[in-house]
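Presented sequentially are two complexes of subunit A, the first with subunit B as partner and the second with subunit C.
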Partner chain A sequence: MSTVAETQIKLTPEHDARPGASVRSRLQDLLPKIVLAPSFAATIVFVYGFILWTIYLSFTNSKTFPSYDITGARAYQRLWRWTFESDPPSSWYTSITNMGIFGFLYIAICLALGLFLAILLDQKIRGEGVLRPIYLYPMALSFIVTGVAWKWFLDPGLGLEQTLHQWGWTSFHFDWIKNKDFVIYTVVIAGVWQASGFIMAMFLAGLRGIDGEIMKAAQIDGASTFQLYRRIVIPLLRPVFLSAFIVLAHLAIKSYDLVVALTSGGPGGSAWLPSNFMYEFTFKRNEMAVGSASAVIMLMTLTAIIVPYLYSELREKPR
Partner chain B sequence: MLRKLLIGTALATSFAFSAHAADVKEVQMLHWWTSGGEAAALNVLKQDLAKEGYAWKDVPVAGGGGDAAMTALKAMVAAGNYPTASQMLGYTVLDYAAAGVMGDLTETAKKEGWDKSVPAALQKFSVYDGKWVAAPVNVHSVNWLWINKAVMDKIGGTEPKTFDDFVALLDKAKAAGVTPLALGGQNWQEATMFDSVVLSTGGPEFYKKAMNDLDEASLKSDTMKKSFDNLAKLVTYVDPNFSGRDWNLATAMVIKGDALVQVMGDWAKGEFHAANKTPGTDFLCYRFPGTDGSVIYNSDMFGMFNVPDDRKAAQVALATATLSKSFQSAFNVVKGSVPARTDVPDTDFDACGKKGIADLKKANEGGTLFGSLAQGYGAPPAVANAYKDVVSKFVHGQIKTSDEAVTELVKAIDDAK
Partner chain C sequence: MSAVTSPARPASSGASARTINRIVIYGLLALFAIFYLMPLFVMLVTSFKTMDEIQNGNMLALPQSPTIEPWFKAWGQTCVGLTCAGIKGYFWNSIKMVVPAVLISTLLGALNGYVLTKWRFRGHTLVFAMMLFACFIPFQSVLLPMATILGSIGRFGVTLQNATGFNFGLGNSTVNLVFVHVVYGLGFTTLFFRNYYEAFPTELIKAAQVDGASFFQIFRRIMLPNSMPIFVVTVIYQFTNIWNDFLFASAYAGTGDVMPMTVALNNVVNTSTGVVEYNVNMAAAMIAALPTLIVYVVAGRYFVRGLMAGAVKG
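Entry: the complex of A and B
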């Protein structure tokens, strides 16, 4: 305490005595702002600026190149119409239903599996230092590597099915990756394989942060292990759930490359996610307006999910 | 409006512009021919230009279909940093020409007589508003069958002349325990095969009306339904594992004798050559049954950009070299396609190449040279992709009947127009 007071006393006269030093200290105060300014400006332009630009483009009739004459919401009307074309499914209908299936299963399974693995690893077992990186490692791979590896593994002519046939189990049949109704679940499998180890690490860090005294107190009160986790540990992990959810949600939304590498779009485009739809329409079909509109809808959907969740979680902080 | 933007961006990035301003004796070339055979084929052009004193600056953007290259090109053009030329496909050339960024090679074209030697169907894409904006490099055609000769001999098959012959042949292969039809279940491969099916089912007139003019009555006609029925018939002859397979793996099945036949464009020949197979003894090339005399084509073009005057000489040299008979012959022998001008001698080509050249000439004269809808030469990309969607959904069962397929096709094409 006293040192702080001393430095303050020492500093103040200098400010008055030497104007040069005042400029320097003003500069010092400004320095963080100056250093941050370029990245701040870059974020404003390249993230928020382009969000606005995308919204603008979605109301034009841009095709191959951007066009700047507002022509109305035709792109949204088309998407809206496609939303209800389920038989035969329009590409947009496939994309959004896949997003629902993939998003829900991917997040739910990753959370459940990650928590389960973390609890098991937290039982003071031997060799934890070896096991943890093994589970964590898939996260170090890019989606492309994960996708290609699982593509080969799941391919009935190359991978699992073929191997089991050679081993003599000829009735074994697993062709989800070639099946239009099940291909999206293979994306879930590959995605979960990649991310659950990372989520485990997050939960493990959370578990290590829990005060041992609380656990002991509960045990003295006669709580069973199940009750201990159900009533005490998991509720205490709530902030970890929040972080994990946000990490998983954004991974799910940007899983474009996983779908491409794993399924190249699936039979008849049955594995598309909205990100595939967006890229396909903007860059391959020269329908930039429709692509932009789908991007805007993706952003809106994400906002609609994340914002209330963030709000409800962060509001309780001050207590 | 776009032009204003482009100019504005060009001014704004004038620093970058001048920094990139290329050496006047240099040809900047954006392309996606990065695989072994393709790169070797392009090397011929490189050497031709070197002889005339022009250096070659490669701007390769890998990725087979050229999507990545086209995205890169968009960025370069928006920044005002035009390459001398870029590999481009059909409607892309016209899009860029409409945006006013393409150069004008009409003088050279007149001098070299391109108007007469390049098929009229190709000029639809290389000439915009009366001006030559692109130099076609080759003509691929998609209505081919590629057959493993050993398997063909084993099952005692002969060249199928009609669709029914073809089905009978496939049945023979099935009975012999060979996969009859090698197909990669990706939408462009299915649609490429369907192009041939439509031509075979409906004949040249019908193909043109439905697949190039997008005439609604033809698209929902009974002939179109019959075409879808025929496609469904063919799909019953593929192996259960076909979905998502790459085209060259399907070709490999034929090369190895695991499958009898593949319906694919003539780029498949490159795979046979790479495996040291000779036409006539190891493999056979026939026109898709019922399409002899017609050619469904697609073509690679070098789009020529509106570069500053001091770089124009290099551009003219590139265009002239591209359409020179010697290069057209040397390049296409390696690439598997046929020359983009009909007056190139066929001496260096193999049997399939000779047939391809003769067919192209005949089709050009008889008016039966049609753009492939699946390959983006029948209609703009939005329509072509909508078409691929419908065909692929039909093949994989999201669309269940041919009635439903034609309804969907009309709707999807209408939507995309």
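Entry: the complex of A and C
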């Protein structure tokens, strides 16, 4: 081993010493950076540059077209005022309360259901190879298709309600999708349907990674199955919980398509999330500065979740 | 002590408790399988029914007189906005956008991953972190500047068109979307390849260097032949993401006959003029879902691996 290392050290200066090859070898040294440069430059300009641009726009009074005169934090002041305008609710108030409801329920139910299904599937189930893909396939569909399917399924006149009426349960009533107070919960249902199978797969991978010896030892000590999972397995799955949480939080904040396809924004915009608010205000209501300010708030929320996570992930790597 | 008492417990509770346990587990699993399959089942069944049957029949019933007509109508005749030529044009729009975007972003990701693992330089972690963070931003925070830039590029294209008779693809919606998807997909493709190449033995690269192999020779002769699995994972991941994208598509190609499939589908379903043909809507939704579903059925293992790699470290 050491001889290889030595020859390598000797080789490099020889290479540089040759006069003709020096330009070429200089180029060879730079080549990796040249290859990476376009991607990195694109990231700097189109991600970080554009983010700064959006931040800048949020401090102007841009309406239909961008204006570049800084007029202060007016857009943020309006959003702040709207945050407390709950009677009648402003569309921003609706968007962020919906974000709270959707984000909390979507993450909590996906985690609970994903863990539950993973534990069930981990009981040496026959036919696991059939069940797993069934739980997971919704993740391959676009939010638009998911929205279309659930819109149909939840429609009071055509879907579930109608079906149960035909089966004789005529008092059954389920019109959440048309009800402005409940429409956001239908987004939760469709969202959970789409993502929970994937969370199940993450937990299942985590469960399969647990050392069987630990489980055996606990069983010999007389732990019941419930105790085994509560005291030993679930604490061991902490890293999976964290990853799953990040994935779900990220999906929740970015959710836009599902609201559009499932509810078309809901009655009077009652199903809006901040992403829908941003799109509508920027492109449809000609309030570009307010739209940009809402985008900045979304970005900052996500940054607060993602950056600490990425930092710890990247720091752990070299060890 | 406990070790002595524990074997007695399962023995006393007997085999019947175990059986009940198994039945409950299988019952729950089957119930959830129904929950996940239901919307797809309803969509599929409805797309083969006549309108008569939909209005008078049960949502869950199988079609009495199955007809493929709605599928043909969705493909060739249904109205998207004001044009009534079906969704086939939009389907091809999506194909024309997805194929180049996936190929370019994957290839760039492979090169980036190769540089970031085997040709490290000072600050490589920072460069990677900056590219990785780009995957997670809400795209709303870059949507408007990109629209502005694409707008000016389009105007420049028109100028070129007038001057030279050819616009070099500037201002073309498909080109725009390919560009956008490549730029905002780079973070993930780089992440995939970086994590994969991290585990690739560096000694091999060193040995090839000693033998005088150049940067690209090593990439082509050593890295690429050993990258098949991660290529499949990345291509599937990018294909699914770009095919399913709605935000960029609606912002930069939201009207006219340049719309990609997802935007067109949303327009078909939300058209309020005339009688709503649910069977045609469902057929259109199925057609929009088929490409990614087929990929999932054929290469589900790689699909899941891609999702995982995007979520957890590699």
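Throughout what follows, the second predicted complex is superposed on the first by the 269 of 319 C-alpha atoms of A that agree within 3 Å, B and C clash if a C-alpha of one lies under 4 Å from a C-alpha of the other, contacts with A are read in each partner's own complex, and residues count from 1 in each chain.
Following the convention adopted for this analysis, a residue touches a chain if its C-beta (ideal position, glycine included) is under 8 Å from a C-beta of that chain, and two chains touch if they have at least 3 such contacts.
These figures come from a predicted structure and were not determined experimentally.
Here subunit A is shared; do subunit B and subunit C fit on it together or clash?
clash
Does subunit B (first) or subunit C (second) touch A:283, or do both, or does neither?
In the superposition, A:283 contacts both subunit B and subunit C.
On subunit A, which partner's contacts cover more residues, subunit B's or subunit C's?
Looking at subunit A, the partner in contact with more of its residues is C.
Figure out whether A:268 sits in contact with subunit B (first) or subunit C (second), or with both, or with neither.
first
Considering only the touch criterion stated at the top, classify A:254 as touching first (subunit B), second (subunit C), both, or neither.
In the superposition, A:254 contacts subunit C only.
Can A:68 be said to touch subunit B (first), subunit C (second), both, or neither?
Once the two structures are laid over each other on A, A:68 reaches subunit B alone.
On the A-aligned overlay, A:106 touches which partner chain: subunit B = first, subunit C = second, or both, or neither?
neither
Look at A:35 in the shared chain and tell me whether it touches subunit B only, subunit C only, both, or neither; answer first, second, both or neither.
So A:35 only meets subunit C here.
A:91 contacts which: subunit B (first), subunit C (second), both, neither?
Once the two structures are laid over each other on A, A:91 reaches subunit B alone.
If the shared chain A is used to align the two complexes, which stretch of subunit C, 146-154, 200-208 or 218-226, clashes with subunit B?
146-154
Could you tell me which stretches of subunit A are touched by subunit B in one complex and by subunit C in the other?
In subunit A, residues 66, 264, 283 are touched by subunit B and also by subunit C.
In their shared complex, at which residues does subunit A touch subunit C?
Going through subunit A, the ones touching subunit C are 4, 7-8, 11, 28, 31-33, 35-36, 38-40, 42-44, 46-51, 53-54, 57, 66, 117, 120-121, 123, 125, 131, 133-146, 148-153, 158-160, 162-163, 166, 193, 197-198, 201-202, 205, 219-222, 240, 243-244, 246-247, 250, 253-254, 256-257, 260-261, 264, 275, 278-279, 282-283, 288, 291-292, 294-296, 298-299, 302, 306-307, 310-311, 313-314, 316-317.
Under the definition above, what is the set of subunit C residues touching subunit A in their complex?
It is residues 2-3, 5-6, 9, 25-26, 28-29, 32-33, 35-40, 42-43, 46, 54, 58-60, 108, 111-112, 115-116, 119, 121, 125, 127-134, 136-146, 148, 183-184, 186-187, 190, 198, 206-207, 210, 214-216, 240, 243-247, 251, 262, 265-266, 269-270, 278, 281-282, 285, 288-289, 292-293, 295-297, 300, 303-304, 307-308, 311-313 of subunit C that touch subunit A.
Contact residues on subunit B for subunit A in the complex?
Those residues of subunit B that touch subunit A are 1-2, 5, 67, 70-71, 74, 92, 95, 99, 185-187, 240-244, 380-382, 385-386, 389, 392-400, 404, 408, 415-416.
Spell out the part of subunit A that touches subunit B in their complex, as residue ranges.
Residues of subunit A touching subunit B: 63-69, 78, 88-89, 91, 155-157, 175, 177-178, 180, 263-270, 280, 283-287.
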